[in-house]
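One structure, pasted below without further comment.
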Amino acid sequence: MSGNTIGVLFRVTTWGESHGPAVGAVIDGCPPRIELSEADIQADLDRRRPGSLASASPRREADRIEILSGIFEGKTTGTPISLILRNEDADPAAYDGLRDLFRPGHGDIAYRAKYGIRDHRGGGRASGRETAARVAGGAIARKILARAGIAVFAFTREIGGIVAASLDLEAAEASLLRCPDPEAEPRMVKKLDEVRAAGDTVGGVVGIIVRGCPAGLGEPVFGKMDADLAGALMGIGTVKGVEIGAGFAAARMSGSVCNDPITREGFRTNHAGGILAGIASGAEIVLGVACKPIPSIGRPQETVDLHGNPAVITIEGRHDVCVIPRIIPVCEAMVAIILADHLLRQKAIDK
Amino acid sequence: MSGNTIGVLFRVTTWGESHGPAVGAVIDGCPPRIELSEADIQADLDRRRPGSLASASPRREADRIEILSGIFEGKTTGTPISLILRNEDADPAAYDGLRDLFRPGHGDIAYRAKYGIRDHRGGGRASGRETAARVAGGAIARKILARAGIAVFAFTREIGGIVAASLDLEAAEASLLRCPDPEAEPRMVKKLDEVRAAGDTVGGVVGIIVRGCPAGLGEPVFGKMDADLAGALMGIGTVKGVEIGAGFAAARMSGSVCNDPITREGFRTNHAGGILAGIASGAEIVLGVACKPIPSIGRPQETVDLHGNPAVITIEGRHDVCVIPRIIPVCEAMVAIILADHLLRQKAIDK
Amino acid sequence: MSGNTIGVLFRVTTWGESHGPAVGAVIDGCPPRIELSEADIQADLDRRRPGSLASASPRREADRIEILSGIFEGKTTGTPISLILRNEDADPAAYDGLRDLFRPGHGDIAYRAKYGIRDHRGGGRASGRETAARVAGGAIARKILARAGIAVFAFTREIGGIVAASLDLEAAEASLLRCPDPEAEPRMVKKLDEVRAAGDTVGGVVGIIVRGCPAGLGEPVFGKMDADLAGALMGIGTVKGVEIGAGFAAARMSGSVCNDPITREGFRTNHAGGILAGIASGAEIVLGVACKPIPSIGRPQETVDLHGNPAVITIEGRHDVCVIPRIIPVCEAMVAIILADHLLRQKAIDK
Amino acid sequence: MSGNTIGVLFRVTTWGESHGPAVGAVIDGCPPRIELSEADIQADLDRRRPGSLASASPRREADRIEILSGIFEGKTTGTPISLILRNEDADPAAYDGLRDLFRPGHGDIAYRAKYGIRDHRGGGRASGRETAARVAGGAIARKILARAGIAVFAFTREIGGIVAASLDLEAAEASLLRCPDPEAEPRMVKKLDEVRAAGDTVGGVVGIIVRGCPAGLGEPVFGKMDADLAGALMGIGTVKGVEIGAGFAAARMSGSVCNDPITREGFRTNHAGGILAGIASGAEIVLGVACKPIPSIGRPQETVDLHGNPAVITIEGRHDVCVIPRIIPVCEAMVAIILADHLLRQKAIDK
């Protein structure tokens, strides 16, 4: 796994900065003869747009995915699938104020330390824009998973401390906040309004469920199924924690409670979250992902400039209040990519 | 990353089952001309033994590491370092009762699904015995890190719901429970006694701190520093959750609190946990690792046999009550391995 | 190394079919702060065009490289460099005759066996068009090598049995046939005219010299410098043999002749071709590459169709007579990519 | 592919120096439930011994392979197979004369440049002893190939300029020189006697044939079947050239001769050597491997010492005259390892 590629057999490489000409992905290792069109991928990308449910506005150039290779007469050929998403023309001068300042909570200062140079416009490579390329790769992964009967669902488990107490996946899909608890959703909306009014942002927790994953997917020691999922999800810019099954709550359980009894019909409980010793057990895979608040807030913040001098930074423009609904398709994409890779790897050693 | 190898440049491959002839590791990519002896590695292995602080008993064959290659006249040569740890002769018949039964909370059923065959004796490849090979690899990684002034410390953050409220790393090193809070430790000991008396086990949380990590280590999109650390730690058998910096608490913070102000002297707070956009920021790296209770408990449990028939399983023998103190050197090893790999990768692109 | 990516730290992934929308490459792992423009890459691409020395015609869209990412204000940023080369609009109907027939000497039948589907238009992924993406990647590799004083030269060693007896690299660069022997060149031209008149094609041998490669680059057992070079060169569609130093002639030498005596000034001879035990010795790296004749000939050929029925195939259009001059920049690119990767890997373990 | 590991799914890592405690290999990715014993591997190792056909002497410790993991009740479990071969106790003092001198034709000077340190005893990591670990890995690969009906044969094509004119594989197997031409063999023996008497060594060419390889194995651009085979074979210490099918002779052919006509019964000729555009065509895979003469000769040679001072080196002891017969099992092993890897990779994308 290099810095911009993930996967062993099903491999996704993303490229592009938020204010360069385009972002994109190369997906290698997709099996041949799978029906795939730009519309398949576009549907997932559209879920990533703010207020996407309500949106009926015509699509802009910057939102349209183009497939450049790997498809012939509507089917994958087994060769690399190259995807491109043009960026909109932006006024580079709009970012001149950020050229010499490091935004708190952003990667600016770390990129500078690593490379000694950085594209300061809109976050460059570390921008949320890059996640569009992951979602596009995930859309292809989902095609592979669908053939095997595997489905990935992500939803809002918590926003700003308000917890979804019920799990209605249909309700989540219909909800702008992807909230699976219709009672909690209005309280979440109210919370977001308050935070917005305060010029602030707020974090939350995404829940993920994988249905239909066959027992046996995974690896024994490194690159375990849970390890790969944790790495893939922690690699989303906003994520600060990942848990499987009972997760952090398991740390407070006794073994007699935490162990899932095995019955003829399957596991009686699912504290393991569908993974035992790094290998799928056949139960639902259950994940939780802690997302920090968006760091671009509407208040002045303390920072330094390139030369280390103290400065105050104010980030202009209209910003999202909470990353949760937009990050959900990205979480689904990362999980789908890992599962597709392990599915192919398992095929290689199966009878 | 294959199923038994981790790392891009600094690569650790482990092999071996708990009741086969031996376990071991091959460490490839270690720079040449580093002083390294079996004693260096043995010291870390000894920390992994139960009650290791008190132990003054003579070392058994099964605990002695042997270096088979890659060292010449006391220094690394740059070629692979092969390490072996012989297993003690065990009576295979002692495990006959487990041949056809799946232990709840263990990987037995998942291994069976994956491979259609498994070494049922003592957990086979999924045994804690395998982590000795990781600790040995980690000992070499620490040698590399030490040259760059990087140090990794893991300690007990919580056992059975009892939280260490202070952070005294010297106290932790002197404590059998690796507890950094001398006041909490006796309460933890009491809790463990109660759990043991009940024939049960209990989970906990490990804290990890990395000091001296230079800003810039990490990668931008996949294989980020936090992603690699999360994957490496989640790949330890007992781990159900990983968090960086404020972790799950960040999900309940507002941006104005969570963002770490940047000053001439460094970051005013460290909610980011030393990593921004996947790249080390120069602050301390702070991690938390949730460990489930050990699944081998002293009570009868509900399960099925190989043919799916209901059964009751009772696991004989003397078992640990809590994995925490023994898992701490394993956590340190995994973090050290990831950091050593990123350190070498950064050298490749530095001026 | 997957099927479409080469390299460990400096990684080139190519994508695209000859008659899809575009071909391109993603170059990952390029160090930051290297000056790079589209013109740098275009210069190498232009060398790949037929009759490129004489060409003064305006460049067509299909020949213009576009950089989509990884460059900021004229310098590399360390993030992936995405390159795209649009294909010209072609009339797909022109290839209808080839849809159901396998061209002898081409990959058609093997692709069909592998994937069960193939883009039959102009060779698809196996087309020489794909090598443009490699040349583009090689142009970036050469930038990295130039900083270390390493230069790669390829030239025509032999065409249609006519051997270049002298080695004048300046003459080669000025020659349309890249022939380093001004006396042999007219005979090669005459040979090519004869072959063209016969509706046939002819093979040849490319020579490669690397100057300035520091001793120490390479690896000890797998992925040796010579192994990686051989693999990279054999991976060019037309190549049927690769040799290092004395190559196949070494098989007929005695040890007392083949061994290169070592002197204070360097090696007295260079039968080793600059590589000992897989590691650069500091001498010039010398390679030879056997290229088969282009399989698209102007004569009817015996084949079968998709259903295995016998058929006669006639490939229409104007074809090249010999791949040699056009393959030379591709050979240089592959060698440069391997060397750049090993250069970065060596930096990682150097003091 | 790192410096000591080869393969994507079927991965062989070797370790060990000729005069360290042992050499060995870790084979990862072997499918489960394949019958495998030490005797299976030992048989291939024995073929590698000098004069192995005639040998009836009891086996020494240094020649006995031990399996340390990955096998349970006689079958592979899918986990890593660790193999070890102890080295015999050697008198390190016997090599004191080589400590400061670089042997011409050996890797000594290159290792020194790379690592700044080297194990000078008997070639260390670059010794032929390391190839025993490859042969052991190859023995397991052959088990995988056998299930798919694939067989690999290597034989002597040429020694000291004497060419085997016929191809009788049974004769080759019965011949101490692995010569498939019973008429050429006595001339080869005579040649070797002459060279030995002169205190010299001589090179040769190995031929390889793969039977039963299904069409479709391979990859389209990088890591092609021919590229991987060339890289694997060039990575054997003694190899200076690799060719596929017609090889270097193809460079002198015309297209109308070189193209293999396709018929209902298969290819009419096999100049392609069983691989088209990097993918197996279903025809026999045919390879040629040029081996240089063994560099350790019984004559004084010109060299320098560690400080660059001129010196004369004389290599004591009894040495082989020609590497060919002993290298043949190594060539077979490398080919088998590559084929096994591609076989598993193809399974992953097959229906």
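The letters A, B, C and D name the chains in turn, as written, and every chain counts its residues from 1.
One rule holds in what follows: a residue touches a chain if its C-beta (ideal position, glycine included) is under 8 Å from a C-beta of that chain, and two chains touch if they have at least 3 such contacts.
In this text the structure is predicted, and so the values were computed from the model without any measurement.
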- Ranking B-C and C-D by C-beta pairs in contact puts on top C-D
- From chain D, which chain is the farthest off, judged by mean CA positions? A
- State, to the nearest whole Å, the distance from the C-alpha centre of chain C to the C-alpha centre of chain D. 27
- Note on the structure: Per the C-alpha means, the centres of chain B and chain D lie apart by a whole-Å value of 38
- Message: Centroid from C-alpha atoms only, then distance chain B to chain C, rounded to Å. What do you get?
- Response: 46
- Contacts with two or more other chains occur in chain A at residues 2-5, 8-9, 14, 29, 32-33, 78-79, 114-116, 125, 220, 349, 351
- Given the complex, residues on chain D that touch chain B span 2-5, 9, 11, 13-17, 20-24, 26, 28-29, 32-33, 66-72, 75, 77-82, 84, 114-119, 124-125
- Message: Considering only the defined contacts, which chain D positions touch chain C in the complex?
- Response: 1-6, 8, 12, 14, 102, 104-111, 113-116, 125-126, 130, 158, 160-161, 195, 198, 200-205, 214-224, 226-235, 237, 240-248, 250-256, 258-264, 268, 271-273, 275-282, 288, 290-297, 299, 301-304, 308-310, 346, 349, 351
- chain D-facing residues of chain A, complex: 8-9, 29, 31-33, 78-79, 220, 344-345, 347-351
